[in-house]
Amino acid sequence: MSKGSGDSRYVVQMYGITKEFEGIKALDDVDSLLGPGQVNCLCGENGAGKSTLIKILSGAYQCDGGEIYLNGEQVRISNPKMAKNLGIIPIYQELDLIDCLSIAENIFLGNERKKNAFVIDKERGIREAEKMMADIGCEMDVRKNLGELSVAQKQMVAIAKALSTQSKVLILDEPSDVLTGKELKILFEVIRKIKEKGVGIIYISHRLEEVFEIGDVITILRDGKFIGAAPVKDMTRKQLIQKMVGREVDEDVKPQHADPGKPVALEAAGITRGKVLSDVSFLLRSGEILGVAGLIGAGRTELARAIIGADRIDKGTIKVFGREVKVSSPTKACQYGIGYIPEDRKMDGLVLIQTVSNNILLTVLNQVSRLGFLKEKLMRDTVDHCINQLRIKCSGPNQLAKYLSGGNQQKIVVSKWLATGAKILILDEPTRGVDVGAKAEIYNIIRDFAKQGHAIMLISSEMSEILSMSDRIMVMSEGTITKTFDSNQVSQEELLEYALPKSLKTEV
Amino acid sequence: MSKKISLSYHEKNGQIFRLARSNAIYLFLLLFFVAACFASPHFRSVSNITTLLSQSSIIGILAIGQTIVLITGGFDLSHGSFLALVSVLIAIVIPTSIFGAFLAAMVSLLVLGFVNGFFVNKGISPFIVTLGMQGIARTLALWLANSKSISFKADISVFAYGSLFGIPYCVIIWVILMAVFAFILNKTVPGRHIYAIGGNSESARLSGVNVEAVRYFAYCISAFCSFAAGVIYVSKLGVGMPDKAVGYEMDSIACAIIGGTSLFGGVGKLSGTLAGVLIYGIITNIQNLMGVSAYWQDVIKGLIILVAVYFNLVSNRRQRGA
Amino acid sequence: MKKLISVLLAGVLALSLAGCGSESQPAGSEASSGSAGAAQSGSSDKKLIAFSQGDNGNSWRVTCTDDLKATAEARGYEFVWVDAGADPSKQLSDIQDLLSRKPSILIVDPVQTDALTPCVDMATKANVPLITIDRAVGAKVGTGTYVANIVQDFVEVGRQAGQYTVDYLTKKYGKPQGKVLEISGTVGSSPSIDESNGIREVLSKYPDIKIVASQSGDYARATARTVMDDFLNKYPKGSVDFLISYNDEMSLGAMQAMEDAGRTDLFGAIVSKDGMRDALGEVVKGRIYACVQCTPYFGKTTFDLADKILKGESYESTVNIPFTDFDMTKNKAATEEYYQKLMKDNLAY
Amino acid sequence: MVEMRSEKLNARNLFSQYRLFMILLLMAAILSVATKGVFLHKDNIINLFTQNAMLGIIAIGQFLVILTGGIDLSVGSVMMMTSVFYVRFQGLGAVACATLAILLGTAFGVMNALLITKVKINPFITTLATMAVAEGLGNIFVDGHTIFNIQPSFLAIGRVKIASVSIYVFFWIAIAVIMALILRYTSFGIKLYSTGGNASVAYLSGIKTNRVISAAYIISGLLCGVVGVLYTAKLCVGDPTIAGTYNTDSITAVVIGGTSMAGGEGKLFNIVLGVLILGMLSNFMNTMGVPSALHVGVKGCILIATVLFNIYEKKKSK
């Protein structure tokens, strides 16, 4: 039963796309249309089926039902290579780049510039790669190994790579997640350029403001179902969120002010580490949320790791509640009541192949055991308490962490540190890749800590997030603190101003 | 202006260090070689050096295949058994036709290499697959040879003992294979794809690289190298021996790792492996020349391997640091 | 960079350790340190004898090596030896290395007969007289500098073992008949093959004697024990009459299995090979029916030959070391006496 | 581990949980038919356990190491070294010497641990090298000789039997049970599994991962020491050639036991089964008179087959 039919006015038409994983419908009869030179924003919470949909379009998955038309002709896309040949170019969330290869090699991976069927033409590759990088406004030595680049730079390489092939459709999955102000600007520039060439673009992002800035059409999914599609201009932010989440979400937030009378929980002085951190000093009071703004590579994560002793510092002192301490390892940090919720959940946050329970207990093993022997009951209570407190959605304490949604995984990481009763929490990009619903929850959780008198250091690349959450904001750039604000007397622009490395100031 | 100069100077300086570090293993080889020269006068003789090279050729060729498989993030523990199998196959077929013998051996090895690739592509840890294959190939050899060693008339000793302008053929073969595969690795599409899937197979797949095909390719190369090494092996012995060549895979792996190949894939150079093989060869050669007691030879070998690897490790760490 | 240098030093250290390592090691220290000295001065009044041991992996071979070494040093030779660890390819490499030291004589105990044939050319090229012991190599004695071969005939050993089997069974049943278990040597190794040929050559004459099961015991005690465990489970008391085991190590392993399983029925119905002390003890106790000795003591014979060669006197080019039979039926006295001797001098063979 | 409780809820997991056990029963059935019941005979069962006790104990150490995502290629050689060490220095008296031997084994464990966690040399190459070192030392201790004259008093220990089951089996069971309890009821268990599952997470969560990893290698070394001594008692001999197949067999057993080479996944109970399956295999081949040449090959096939099966199971249960 064919729902739609080929129509050459569209670049892509998808009708009744359905996909099951072991009986669970990830996609259920989803339609989507994409015109030439259009930006179609896929919106929906995590698990709504956005990624599945584009993976089907780009041949990574096969759909169980439905039809796909490309410029009006029906196509069966059975593998990534085929999708490429059809001109469907995805840039995935997890950048499909390889650290051990050079930039040029990455750009042309899969369609190398060759002398003949077999031999690679290095020079030509390098020349063209340089040109492409220049086109999207970042010049760099393309002989460099990708491993040496910052995440943002990698993102740019990924885009260049996508453009290296004759593309009809460009798919951007959460490109902005790792981007900050300046790079985002460039990205949008690039997207607009591509649009002019008549390329259709499918854009996925959790940051709704981007949707409204760059998008032409919005396609909304929820729980694998097609909720609706509409031109961006006919839709308000509130409506969109409502459609996505299926309920009202109160998003707007009011920072509450920690009174300066509160005791200083954490005091860092002159923290210095190699080239990445130079002479960083700051105060963090109990009950206060200190936002740390800055571009990728400004040294925010490095600062966090230095404080918890994951990386050795060359100079500087750390005082916890007035007492000077030597944090030589995360173990020590744990003892001093400093918790760290890392940036990269899958790499540093969770043991995915372990149970929820074991993940939560990881930080408190010494509390729940005597002489190394576990106290079963105490363990169970601790875990149950955490699960209830943060409303972690899981089949039970013994479900494997890898089967949970991004939001719930993040909650586990948080609760892991709650369980320790840590007085100081450092959250590094706590809402990256977390959907709107869960985001709001996590915000509330964070505020509750603050209310309970925890001291919180919030690292984020989302200026709006920083502004709405923090009491004070310190801006980092090139490993130093460039300025500290009171959050209610600063604008995004100001923050960006201070976040930009001096070297770049002139450009903006 | 002056700033600029000082900067470039600094750059150059850094480059020199980086050069020294990225070739650390050669530094070690050189040092080791010199030390050996002092340790024994017999060592520095031309004849001994040629001997050393021809002795190293078998492991050397195996190490080529091993390095390539390691770069894909794999493993090949079947080398030893493969060697035995080749020797047996050749010994059996050679009475009918020399050419046929080589062909038979090569084809059947490529098939086994393909089987390795197949199971690895099925998602089994390469360590397990090739460990299993080690047993299977060994059994094949024993079964074909009916558990006896097979001697044959045809004289193919030229591969092991013959020489051209004083350079043994086995060394020539080794050098040629080195050159060919170095070219493939660095200059050709499949070669770069080998690095790509070693670095991150999923990304490679999404970039449209046919990961499975590349794996097949790598394991077949490894099998082919085993074949080439096997030819030299059997021509060296003049007998097909189903029960010998035990543990050669460990040697080839050790050489590759000494040469700076990473066990996690994506990183490795054949040039480094070459250095590894030579160090490995010198260890035994010099100890024999110095008449070190057989029992101590193992101990010292172990220690030197550790030192060599550590040496490479430190230099690489600093390289990254720089 | 400092670190690099430190590691460089470590490397040198490891190497120098190679030198002193040999000194700090009692066996062979004299030889090797002496050789090192020779290396520096370049000349040494002692004549150098080089020995390539194919596989020092069992006490028989070790005894053989030690005996050669002791004899050599007793006769004022400088003696160096290398172990190929059962790898023919390595043995050939070892031989090349040894030859580049220009020894006066090269002695080789080959891993395998045919595989080591090339060593004749090597010796000839280096113009060093070559003596093979324990096994021959594939070339005729007399080709090039392949001057002599000192061996034992394992086929003959096999024949003997077979004969003992026949004797025992005939004694037991009045006529040659019965079921025999066999634990053979390492799969594919030439002595194992020769011996089994010898055994079958004899037994083939007696159709009523059947080898009901044969497994490899790898010439190793542990393996043989495992194999025997399984045999005993498969063949309950009375269903088998005799056990042929290809060396004493394996016989002893098998006997432990019997003891632990409480299956003494096969005691006294075992024929073994080598003449290890413990095995002889069992022979004397009557728990092993017979044991064909093949002595690891090649020293005397070999160096008598070596002396002659170096002095340029005439010599036998092929020496067959005779083997003795130990049993309590024909050679009671000799057996007991030899056993006492071993106990007295605390020798393994 | 804690997981067990939940998996019981789910029928498929229940199966995959006891899959190996079923395979074992299946093999047992085949065996007893093939051997006309001989297999099921009490002596044969006992002897199955006795034969594999040594490998069983070593495999436990190997299991812990592989759980951390590492590998220990030196187990067999270290075991050999301690065995001959005992024989060489038995003059010191059984107890003292046994203690020293075990300490020696442990020392090698420590050496591996330091090289891997501190010097950061890859486990594979580290243990490959220490294997060579242990081999050499072992031969040096006894000059390559096999030594037979062992104090009868000591050998007597080896002969001890409880209910006609030799004590090695009890050693094996005891060690297995203790280790299982440790993994299940102590924080070390969770630490080990987590470190294997994702070292970086464990580290950032304040676990001393280096210690955990070291512990695994040290325990492995210690067990090798113990086995070395037991081995001497069992075979009444100090033989520098016994390292033999233990190195790879222990790994094979662990993998057949369903442990992932990547680390973090695997259950000790299954390791015991893995060892038994391996043992039954050779027991079967010997009793059925399968030519020795085929043994390694069959082992290889079984190895690949079981892992294929595991992967298939995982895919299904997802």
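Per-chain residue numbering starts at 1, and chain names A, B, C and D are given in the order in which the chains are listed.
One rule holds in what follows: a contact is a pair of C-beta atoms (placed from the backbone, for glycine too) under 8 Å apart; a residue touches a chain by one contact, two chains touch by 3 or more.
Everything numeric here is computed off the predicted structure, so don't read it as measured data.
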| item | value |
| --- | --- |
| Steps needed, at minimum, to go from subunit A to subunit C via contacts | 2 |
| Both-way neighbours, i.e. chains that touch subunit D and touch subunit A | B |
| Relative to subunit C, chain with the most remote C-alpha centre | A |
| Leader among chain pairs (count of C-beta contacts) | B-C |
| Intercentroid distance (Cα basis), subunit B paired with subunit A, Å | 42 |
| Subunit C and subunit D: spacing of chain centres that average the CA atoms, whole Å | 32 |
| Residue numbers of subunit A (touch at least two other chains) | none |
| Junction residues of subunit B - those touching two or more other chains | 142, 147, 242, 294-297, 299-300, 303, 310 |
| Residue list for subunit D, restricted to those that touch at least two other chains | 140, 143-144, 292-293 |
| Pairwise chain contacts, counting only pairs that touch as defined | A-B, A-D, B-C, B-D, C-D |
| Touch list for subunit D against partner subunit C, complex | 35, 38-39, 41, 43-44, 47, 50-51, 140, 143-146, 148-149, 159, 166, 235-237, 239, 241-242, 244, 282-283, 286-287, 289, 292-293 |
| Complex contact set, residues of subunit B against subunit A | 187-190, 192-193, 195-196, 198-200, 202-210, 266-267 |
| Parts of subunit A lying in touch with subunit D, wherever the complex brings them together | 22, 308, 310, 329-331, 333-335, 340, 342, 347-355, 357-359, 361-363, 365-366, 368-369, 372-374, 379, 396-400, 416 |
| Subunit B residues touching subunit C - in the complex, by the definition given at the top | 17, 20-21, 24, 27-28, 31-32, 35-36, 39-42, 45, 47-48, 51, 55, 58, 142, 145, 147-149, 151, 157, 160-161, 233, 236-239, 241-246, 284-297, 299-300, 303-304, 307-308, 310-311, 314-315, 318 |
| Parts of subunit C lying in touch with subunit D, wherever the complex brings them together | 25-27, 56-59, 62-63, 65-66, 187, 213-216, 220-222, 225-227, 229-231, 233-234, 249, 253, 256, 260-261, 276-278, 346, 348 |
